[in-house]
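Listed below are the structures to be examined.
One chain, chain A, appears in both complexes that follow, with chain B as partner in the first and chain C in the second.
On to the complex of A and B.
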């Protein structure tokens, strides 16, 4: 009898502990995720409107939607360039700071990490001014060193706008990944580097032969983090810095999804875009996982 | 000879790091300087210092731009979100990390999957749901959405902490007749404090800086948070060209972040190594 009550008490405790989390998670995460899959098959315009089943028509429409295709291309560009450059800068800085034994290590770690805790809104506004055509740093800086002819409206020119946005995204994230890699490098046995020193390996050889292989598992995870980060952060950066302009050349898929839902009230279509993005980011995670899987190390 | 090359090598490295540090710091310094400039000064040259400390931009930011009100909303929402998050995450992490029962593995996996569901994909169904249940334009419900967003990562982080606490403590407390809830509150919570603090710091930045959900789910101006207020200000200032107030607003948003960061910088960057992503 006594053990029975102990057991019920235990079960009751477990339930009480799990319930708040599970309720919130199911309501605000799981249910909406199922909804985007289901409602992507409906024509649904406006909150008062009754959703009408149309099968895969939303998905078929996307293939002919020029703006959607352009936004996918822009997003793809950012998802390719930003993670690669960010991770390279982060790796180089992390190995310099851990290997060179500079006294200022702590200082640089603090400074470089700082942008990753700033509000994206603040970052977007600051960078709008950095690129400002007349009063921005870039153009006035170029003028000061006598290179006026290089000055241009960086965010207003369709050839430079995506690169300008990519630099902002890299500025924001490089320090974050650097700190992760520094923690990883610190856990590599120093003997490996000492042995390499004795064998006469240069720092650069050590970077490619020891640091990168030893950090490989962390790098793989951060590639996926970074791809997903670009997807969501590009939404804020683009909507504040360019609004998708000039002429949609910086439209990303998330700003397009958002505009379809909340400007045009195309809820069904917006959710179908959500499904496509969701599937693509899952697929990218799988592909980059497979590509970076190592056989020989 | 080799010491000479190592000295030049070190100088090159130092220069390389210094340039990068300037690239990070200068925009922020410039922002603080610009917040003290008059409008004409802002327009002139971004490399020049302000002629005098011009506090009127801050007065403007608080009075006409209502940054003070937005700040109060942000503080309320951060506190509410943190409370909801801790109430949901700490007990769940304890049970998932330290007790054996059926479905434990399944529930852990369930939360792990949540790590991959970002905010913007599901914003449309979330908006519709909250509209139906009349949760829109409500600071409490916005906070619960924030807390839910951080839940998978928080449970993941705390479960790791919970697992590292030795089992003997609970057994001893059991012997002394302490119940399950007593153990959780009086033994586990104090012992998991480093984990809970790391989590609180990380979530502070997330909640304080969140923009997309706040912009979508809060409609009345009196309930807006500071990032939303700021982006509105940015849009208005492009036409009104009262740059000074905008920069003062940016500094007002930055200040708490900088203070928290300065105080807790070590905790934060160390937390990243124990935050799970270790090879």
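On to the complex of A and C.
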């Protein structure tokens, strides 16, 4: 009897402690999310106080909206390329920096991490000058080594713009994940590598047989972080670097959502896009989680 | 596993909600100020009971003496609004004007509008903010101001006579084509092509009067080591400053109406072929378009122009002020040319635009807001606007009234528009509520592809024909409801 009351007291205490956090979470996260779902069923400019209920029309319209489909394709491209390349680069760099016992290890660690502490706006402006068609680092560099016929307006050509943006996104994120992986590698017992050395395993074998399996749980989380990161960061990068151009070939779903909500006063439709993005990113997270489950690689 | 899935779910949900929430919030702090009021508000309490005489020059008193004004604080600053409010409060004792000013005024007042509690008077400008006004137009949430312009001024003529010709029946002020004014004209801007006057004078080049002259100038451009034209690449919307006057020059008001009212046949017309042909020529002719233009933003391309990388660029009367800190080639001086014509006997033209001020239909104090609006058109305030904002209002004779305050370049631009240059204005008809199309984006964004020769005019025309047909269909469907 006595233990029961202790237990109830304990539960009661925990509940009271959780309450303020839960309340704030519901008010600022759950309620707005619920609102997104609700508003997606309305024809609403986002200004008047009388939205009109139109059922699932917003969702049906999306299927015929070519710009939306194009923006989904562009976002899909970035979501596929950026996480994969970012994580590969981060893994290789992390492994080299931890294994090779370089003297400048700390220095490289700082330098690679540097982009992560810059604001996205600064990164976008920086890269729009790197890609600047006449005075940019890329084109002048190509000219210097005599490859001027390769010079292009990278952000103005519909065939290169997405790759150019992808590189910016990768540059921004690779250092961050690298530091995460380095911390992970540091916690792998050195005996494993020593034993592998004794057995004659090469560095590359060690990377695939020891580092990656031991880091697997961290990699799984970072894949999901990275996919979601692309979704939100691409908004800032695209808004500043290309404005969705040329001719919408770099429009991503977040910039299109924003344009529909705030430039086209189509708030209900924008919320419907938000719902679809929500579903898709959740689906992607689940799928990637399932695919990377231990034992399935 | 279950637990982990839940974690992912939560992580995604949080990441997404924060992203979406980010779109709406991020308010910059409001800098609300209340200029000192000379009279005490209590005076109005008695005034409401028994209208007192001679309280103001107009002999008017107001039941509600307080006015909430929201203004865009952009290139023209907020000083004008502060001093105009002060002058108004002096001339109308007992009134009190609260001014909210911000570069992001749209974001600031959006929640108030949604809550049904809008400011009484708004000056919304700047590309971040104007969509708000477009939303209000779609919602039909603006006050009808027609009678304000019918009222007689102290000089004895109706106020509308004071406004520049052609402004009050344009779509900028009368968006529903019903002859009623919903947006009151404020600053007036002139747009067109610019060149380096010093260079033209030194080398004896004459500014082109016709499109043939324009393309002939390419030789001179090449000689002087520059391309013929650049524009604000990633914002191809600036090209309207050349295209709209050219449509008018080629096909007259008729063609302009087709273009702005979504007649799909426009995209099969000769006017289309003639005007867009010019753009194609710019895209294809050697040395015509500055290398890399399509990838530049407005500052980058305008700086390239100032540095002598291109001979012409489209921009508006704000150009000189906008770029005052930018590097430029030696001896650069601004020259304004307008938009060339299609024949030596035809005058050059220019695109004009009017910034507007509005009173929301739900304003709490529409009477005082209207009085304040009328007050803005007095000579005193037009001059004050020139002094504090360095801007020219869409009022007859305004350039001369404010000559002392604006630069010579700016004055000459306005004078040029006054003397024989054809002023062209126009705006797209509002699309149906809920339409996915933003007409200006649909028309101008593909120019990036045309300029990089990745889209032919035929493909473009076909696409726009479809877009216009759909916009029409949506409008009809909305009208039927």
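In this section, the second predicted complex is superposed on the first by the 269 of 297 C-alpha atoms of A that agree within 3 Å, B and C clash if a C-alpha of one lies under 4 Å from a C-alpha of the other, contacts with A are read in each partner's own complex, and residues count from 1 in each chain.
Keep in mind that, in the parts below, contacts are C-beta pairs under 8 Å (C-beta built on N, C-alpha and C of every residue); 3 or more make two chains touch, one makes a residue touch a chain.
Fair warning: this is a prediction, and the values are worked out from it, not measured in the lab.
S.K.: Taking the superposition as given, does A:292 touch the first partner, chain B, the second, chain C, both, or neither?
M.R.: Once the two structures are laid over each other on A, A:292 reaches no partner at all.
S.K.: Just chain B (first), just chain C (second), both, or neither: which does A:29 touch?
M.R.: Both partners, chain B and chain C.
S.K.: Contact-wise, after the overlay, does A:93 reach chain B, chain C, both or neither (first, second, both, neither)?
M.R.: Touch status of A:93: first partner only.
S.K.: Hey, is it chain B or chain C that touches more of chain A?
M.R.: Touching more of chain A: B.
S.K.: Report for A:274: first if it touches chain B alone, second if chain C alone, otherwise both or neither.
M.R.: In the superposed model, A:274 contacts both chain B and chain C.
S.K.: Quick one: classify A:21 as touching chain B (first), chain C (second), both or neither.
M.R.: first
S.K.: By the touch definition at the top of the document, which applies to A:242: first (chain B), second (chain C), both, or neither?
M.R.: Only chain C; A:242 stays clear of chain B.
S.K.: For A:144, using the defined touch cut-off, is the partner it touches chain B, chain C, both, or neither? Pick first, second, both or neither.
M.R.: In the superposition, A:144 contacts chain B only.
S.K.: Is there a shared patch on chain A that both chain B and chain C touch, and which residues make it up?
M.R.: Overlap of chain B and chain C footprints on chain A: residues 28-29, 32-33, 36, 47, 128, 134, 228, 231-232, 235, 254, 257-258, 261-262, 274, 277-278, 281-282, 285.
S.K.: Inside the complex, what are the residues of chain A that reach chain C?
M.R.: The contact residues of chain A facing chain C are 28-29, 32-33, 36, 43, 45-49, 54, 61, 65, 67-68, 128, 131-134, 139, 153-158, 224-225, 228, 231-232, 235, 242-248, 254, 257-266, 268-269, 274, 277-278, 281-282, 285-286, 289, 293.
S.K.: For the complex, give me every residue of chain C touching chain A.
M.R.: Per the touch definition, chain C meets chain A at residues 1, 4-5, 8-9, 11-23, 110, 113-116, 131-132, 134-136, 138-139, 141, 233-236, 291-297, 300, 304, 309, 433-438, 441, 445-449, 452, 454-455.
S.K.: Taking the touch rule as given, give the residues of chain B at its contact with chain A in the complex, in rising order.
M.R.: 10, 13-14, 16-17, 20-21, 23-28, 30-31, 42-47, 84, 87-89, 91-92, 94-96, 99, 101, 107, 110-111, 114, 116-129, 131, 144-145, 147-149, 151-152, 155, 179-181, 184, 205, 208-209, 211-212, 216, 227, 230-231, 234, 246, 250, 253-254, 257, 261, 265, 268-269, 272-273, 277-279
S.K.: Show me the residue ranges of chain A that touch chain B in the complex, using the header's touch definition.
M.R.: 9-11, 13-14, 16-18, 20-22, 24-25, 27-33, 35-36, 39, 47, 93, 96-97, 100, 102, 104, 108-115, 117-122, 124-130, 134-137, 140-141, 144, 171, 175-176, 179-180, 183-184, 186-187, 214-218, 221-222, 228, 231-232, 235-236, 240, 254, 257-258, 261-262, 267, 270-271, 274, 277-278, 281-282, 285
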